[in-house]
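Structure in structure tokens, see below.
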Amino acid sequence: MSAPVAAPVGTGSSLREFLHGLPGVDQVGAEARAAMLASRSIKTTAKQWALDMAISMIDLTTLEGQDTPGKVRALCAKARRPDPADPTAPQVAAVCVYPDLAHLAAAEVKGTGIHVASVATAFPSGRTSLPVKLADAEFAIEAGADEVDMVIDRGAFLAGNYQLVYDEIAAVRQVCGEKAHLKVILETGELVTLDNVRRASWLAMLAGADFIKTSTGKVSPAATLPVTLVMLEAVRDFRVTHGRQVGVKPAGGIRTAKDAVRYLVLVNETAGEDWLDPDWFRFGASSLLNDLLMQRTKLATGRYSGPDYFTLD
Amino acid sequence: MPKFEYAPAPESRAIAQIRESYGLFINGEFTPSKDGGAFKTISPATEEVLAEVAEASPADVDRAVAAARQAYDNIWSKMAAQERGKYLFRIARIIQERSRELAVLESLDNGKPIRESRDVDIPLVAAHFFYHAGWADKLEYAGYGPAPRPLGVAGQVIPWNFPLLMLAWKIAPALACGNTVVLKPAETTPLTALTFAGICQQADLPPGVVNIVTGAGETGRALVSHPGINKVAFTGSTEVGKEIARACATDPRKKLTLELGGKAANIVFEDAPVDQAVEGIVNGIFFNQGHVCCAGSRLLVQESVYDEVLASLRRRLTTLRLGDPLDKNTDVGAINSAAQLAKIRELSEIGEAEGAQRWSPPCELPVKGFWFPPTVFTGVSQAHRIAREEIFGPVLSVLTFRTPAEAVEKANNTPFGLSAGVWTDKGSRILWMASRLRAGVVWANTFNKFDPTSPFGGYKESGYGREGGRHGLEAYLDV
Amino acid sequence: MSDIPDSDRGGLGGSSPRANTAPARLAVRKTYKLYIGGAFPRSESGRSYVVTDHKGGFLANAALASRKDARDAVVAARKAFAGWSAATPYNRGQVLYRVAELLEGRRAQFIAEVRAAEGLGARQAEAVVDAAIDRWVWYAGWADKIAQVRGAANPVAGPFFNFSLPEPTGVVAVLAPEASSLLGFVSVVAPAVVTGNTVVALASERGPLPAVSLSEVLATSDVPGGVINVLTGRAAEVAPWLASHMDVNAIDLTGAPDELADDLAVAAAENLKRVLRPRAEDWTQPPGLKRMLTYLETKTVWHPAGT
């Protein structure tokens, strides 16, 4: 799928007026809604469906300074065959790595349908010049990444320089062209307020994001249900007003199958079932996969499983 | 076929061990009614009979009042205040321990979703007893003088919409202030009150301090008009409230508090946090199937944002789940009785006849039981009956306004005055509106929030007196 | 063996052994340590001191707290303050009520300890322990009420909504009374925590053991670590460090030795601590509001009311 190139909103001040004119988010109300949806009870067949769907939505991730070719190979092997004992377990949606290991990942998952996502634009801080960020993105795409996870300039956002943030996203979108999908990481833990999350979501979508993503996973708090709720409301409303569907990816801090199922309920009852698809919703996670597999196994066998029966990577 | 179909997630009924029959709870024990009268209580979701319950005759009410009087004179009024408080702490703890059982029982007997009984009703019940337990030995600080005295025996009649919670609102402050009580639960929802009687036994509450007389209108009348009580507390319809007010008007010895009906305005301004406002609208009228005296049954939406708020609301309503109250994913449960269902249907038909446009999200209603889909009437004006009369069901009437002053006028243009909602991002507007709305409870950017510390009650024909907080103690003190 | 003075023998519930005898079953004696940050460390100084019963008989070696222990306790109390003061009043009340439940469960143990510490008869000790439990219950019930009694909406002359709210002051240092080892201890600690403050308490120097056992109750109830910290040792050594500590917001001088009280109050003035001066107290009487109010600040907020 390709996304249309961003249509500019106008001068910096009208972008600011637009963003500041968006309805506010009442934090207490949003958290209460997220908590109510988290109390849904997903059992038996519904749970089975949700576990499999969650697995198929995972961007299996390794983003460490100490990543080596060996580590990436192991990650890709797990991505292709998550459960050593059960070939019916679905494969994941993508692997997510640093740009200099993207070529390796691309080679390892070639032909499987698993996407190769690479972080870019001086992930995770985003603190460098625009040319360097663009070069970073180009490098990742040339290496074989078909998805780019960029970070926004949070400093510029918090200083009110929305136009700069917009321009950077639009520039990266240009670089991606038809070759790669663009996920825009808002780093919601640094934006802090839900009002900021709403504004940053709209800003990213207006600038051409294919996906909006919560976090780098390097800052706490990372993904949370209330933050994701606000982002799902944003993509839902954006489709109504602008006719374009944008995906959502919560990343970081999602460790248990129970959490993942809660996110799917959130998607189902906020943006709607059009987003219940790996093309429109992803989990940025690593240890989540094993918990999903364990729960899956328990449903199939009736027995609680243990970590010895699933591979570390 | 939806992509993500939530499988049934039923809460087990086994924990609520319902007896085949229940007697009256008088003087610390269960006893049959004097003339053997009894009635059945059913599950409104399935129409199955749950249990047979004794029907208290005037003679039984006599017995109960006498027991309460004895307990007051000989034990409760003489007991050290701190010890009284400790009984209430015990009761609060036992309620917490048996919370799951009570939640299941409440949902079975009332028809409300288990998620609500479990997450809202029962925790609040425990909290009310906990809060009031701490007042028992601190009344000199409550603002009523150095040594406020109780009234004596209280006769209390409660409705069916929040059975155990309404019981807690009545009994906890009454006992904390040193009174003894005779309470009549609603005839369609007696079971949690009778289980509460068992909790009083578990707590070793002295016999006669709490008495439960089950029955219907006749029992209620016998209780509130009984010459042997000092205080009448009633929550229910405005119609019956007026009857009681007339009866008590000629008896100055009886203090009276009334918690009656409402037709609250839920006011949404153009700068409201839209998604949370929509949640607030939904919560306001569809929580508890709209069986809420303070329900936000009139949506007053600022005309400039009418289209988007309504679009958002309709979309949100399609995710409401109506069905088995014991399913943990149910949002909207059963209507409490055939009689109430008939009333809701009648008023809805009147709404259509009056020219309002009626809409409900697609909804599959179970075959057995009493059900009504969430319903929205648009094009409603103040003159319509559905904008003036309390429907007490999941029916929302939508009106518009242009300015804050007009919103206040329309909101206040009703004989009722229980509650109101205000949705706006502007703090000063919240406070301006709150100071002008003639309602006992104003919720700003939230709705249907209750807390034992927060006084609740109405203006005008929604009743008088407050329940909860320091203010709520007044009803049970001789001040 | 004979070099050990009689006062160092015996321990709680036992008496000095006579020559050529030994009990059929030897009691496993408790070690009495400090309670800081939810844990039970010994004093960082490694010291202890002998605690005796009213007749001079050996009861235990209690930890002898140093200024560093006091410092660590203040750090722990400060760390716990944000969470405890942000807890709902309902939650604080529940937690404190649970403490009373556990105290009640250990009634016999506390009766024995109070008897040993204060030399009371059985009946008197029972009354004291019951009073301590009931005192705790009384305070637990204030958690969700003090704001209604102390707060107010103020009718200012203008289109403003104005309200005053009580808020906890922060870390409170408490010098517990010397003579009343349990009831007095409870009466000076509970009012600080029910209002959302965190506490560093120095137990009675002569009778510290009931306070240490109370710490065990706190550790096994739902009181978060650091909300109440209990030090045992010499007031003359530890109190000056608490009184002069710049991160302590209030101090209760009730248990201060007479000759020190003035100096401590002067030291406390350096960061304008809220100070409770010592005075004669009858712990059996209803406490009133004074202690709770000492540890509450008042915040007044204005907001216009307009369209």
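Note that the chains take the letters A, B and C in the order they are written out, and that residue 1 is the start of every chain.
Here is the rule we go by: a residue touches a chain if its C-beta (ideal position, glycine included) is under 8 Å from a C-beta of that chain, and two chains touch if they have at least 3 such contacts.
Nothing here was measured: the structure is a model prediction, and the numbers come from that model.
Judged by the touch criterion defined above, the protein chains link up one after another in an open path, with no loop closing it. Centroid distances from chain C, each centroid being the mean of CA atoms, peak for A. The central chain here, found by comparing per-chain C-alpha centres with the mean of all protein C-alpha atoms, is B. Averaging Cα coordinates per chain places chain B and chain C 42 Å apart.
Centroids of chain A and chain C (each the mean of its C-alpha atoms) stand 50 Å apart.
For chain A in complex with chain B, the residues that touch the partner chain are 23-26, 28-30, 32-33, 39-47, 49-50, 53, 233, 264-265, 268-269, 273, 276. Within the complex, the chain B residues that touch chain A are 2-9, 115, 119, 271-276, 279-280, 319, 328-329, 425, 445-446. If you check the complex, the residues on chain C that touch chain B are 89-90, 93-94, 97, 134, 137-138, 140-145, 148-149, 159, 161, 289, 303-307.
Against chain C, in their complex, chain B makes its touches with residues 82, 85-86, 89, 127, 130-131, 133-138, 141-143, 403-405, 427-429, 431-432, 434-435, 452-453, 469-470.
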